[in-house]
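Right after this note come the structures.
Shared chain: subunit A. Partners: subunit B in the first complex, subunit C in the second.
For the complex of A and B:
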């Protein structure tokens, strides 16, 4: 029996090169989906769930689960990068984009340039509007075709995949527009205020 | 109270006072949660340790009592979730 001498090696080389180009500096690839959390996993019934947009302390819009599911949904296939150095390629998400939320709230544009995301459990993280609009951010309710598991932020988490994954806040409940950029939970404890994985902005001062 | 009592001192003057508290095993302290006001031993709080940092939460209301993270530029500590901490005298403390 003869075996093809080179085909296996040549077949695998190109995808590996393409994958390497998609992995930011200092990261390694994983096929798992590691769980990282700053507290207990909350048990949130969709019957009691809501998501709100706020300007400072004023309510701009609020949706319950049924209303949220009735909004136009967006599918996104994207790579994600955790500051603890794992990256995962081609993750599949479904949710409501930031652009759709603005439109549903009757806003022609975001009222400020910055946002703070607020979550069950007291977690917060700051994200500029420029990193949410034009399809860059969404509130995701499905992962890989299934409802988002509680350990991964279900029923709903933020998804801002081009920034380190701590910005993709689990159990998100409010997006608050703020006038000036402020540090969130990890950003006020030594982690980078912006968190671009391609510039390895892991910590304050990077 | 004399006028000199109202004048602030350089922060270095707090070294002795802080040294009375921060040399010891901090988990022996009693804390009051700034969230719900409950009081209890530090050691009864719940610690959530992750690769990003450690978060200590109140066992009664889940309020974040303490956050700590180790980065290349040092260890960061936030204890604002405690209203106060009490350190009881130990036999070897003066």
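For the complex of A and C:
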């Protein structure tokens, strides 16, 4: 690849902070919390909410809101990175970790190596089990000490903070174990199948 | 389908291309359109965007996304950029850039918030501020392709001078009886203004006849609160949520 052209007169306007090493390539820091979704925000009552684990088409476990809240909760402070270029540091979440869900479902290990997450509104995204287990992924129901707002995915969203944030699917309702990795919604519309921000895997083939 | 057999439509890798500035046009005091010659541009659909990358002399790079304003049929690519006052990239694009300058971009990106004249059903576009940009690509495409379905643009601006593409929108509507353009001015209105003077809401969409449209395709783009309100109102008015596509501009950016 040839050298990128120098943009005459362009200089960084952002101060170089000590947090620079926490910002992946091509990202910039924001302090607010932008909202990005492909369609209307669904309005979901926790009375009608449930979360299910599936293997292919069969049900492994299912929790209603009350049961889900009774599961052991995990607190996580982490940085998040959106493919639209913003990153936000030290975000504070609470929810149920993937490991806890497996245990509560009576599974000693995940039945396959890949998952597809299914959401209200029809959104899907694929995440490997290796990126969920050992504390790497959770179903979050609180942000910054408060119930998760609907526009940010409430009542519950996936949280897989080490991948671009579209993998942290809003309004998540089902985690389906699948034998082979498959593309979800954005992944079949030109976005990267895996989405590692540190390798800048934004789009197909990056 | 196997990996050994590439299929038409499988996305290729998006490489950085050089874009040369051909001309600049001031749309409003805070908005400028850049007309660009892009080497090996693969073509795009109305509604898609690009990533722009600037490189400083010390090697520092910054990237941002901008919607494409030009229709797929146009030979040159147009981006319309709003200046974010404490932003890093937009003040450069709208203030510093001159014809002949070169910067990098890659795209097109986004295969969901797109519309083509072949898509059946009336078109409803709801835009706020610079959220009108991808909607303009759709209207320009529609005008070139030859309209076969009615279209409505509801466009919310702060005041008359901040309406992007104001004259061109007027010309498009004058040339096409099946296109209706409705402005709402939320902060200040010219003397004698008879139009809407509030943010897009349910009553406005109802008054404009949106619920009576059969199987419309809705595209909503603008600041998050506007998009949330308009999308919610459309659902309450009985529009199938699957027909409502949104792009939200967060308050951050640059």
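Just so it is clear, the second predicted complex is superposed on the first by the 188 of 206 C-alpha atoms of A that agree within 3 Å, B and C clash if a C-alpha of one lies under 4 Å from a C-alpha of the other, contacts with A are read in each partner's own complex, and residues count from 1 in each chain.
Heads up, the rule we're going with is that contacts are C-beta pairs under 8 Å (C-beta built on N, C-alpha and C of every residue); 3 or more make two chains touch, one makes a residue touch a chain.
The structure presented is a predicted model; accordingly, all values stated were derived computationally and were not measured.
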Partner with the higher number of touched subunit A residues, subunit C or subunit B: C
Which of subunit B and subunit C A:69 touches, first, second, both or neither: neither
Contacts of A:28 with subunit B and subunit C, given as first, second, both or neither: second
First, second, both or neither for A:151, with subunit B first and subunit C second: second
Which of subunit B and subunit C A:58 touches, first, second, both or neither: neither
First, second, both or neither for A:166, with subunit B first and subunit C second: first
Partner chain(s) touched by A:39 [first = subunit B, second = subunit C, both, neither]: both
Contacts of A:190 with subunit B and subunit C, given as first, second, both or neither: both
Intersection of subunit A interface sets (partners subunit B, subunit C): 36-40, 84, 121-122, 185-186, 189-190, 202-205
Touching residues (chain side subunit B, partner subunit A) in the complex: 46, 48, 50-53, 55, 57, 62-64, 67-69, 71-74, 76, 78
Complex interface listing, subunit C residues touching subunit A: 11-14, 16, 18, 51, 53-57, 60-65, 86-88, 91-92, 96, 101-104, 109-113, 224, 228, 231-232, 234-235, 241-242, 244-246, 248, 250-254
Contact set on subunit A toward subunit C in their complex: 1, 4-14, 25-26, 28, 30-42, 84-86, 121-122, 151, 185-186, 189-190, 202-206
Subunit B partner contacts - residues on subunit A that touch it in the complex: 36-40, 83-84, 121-122, 166, 185-186, 188-191, 202-205
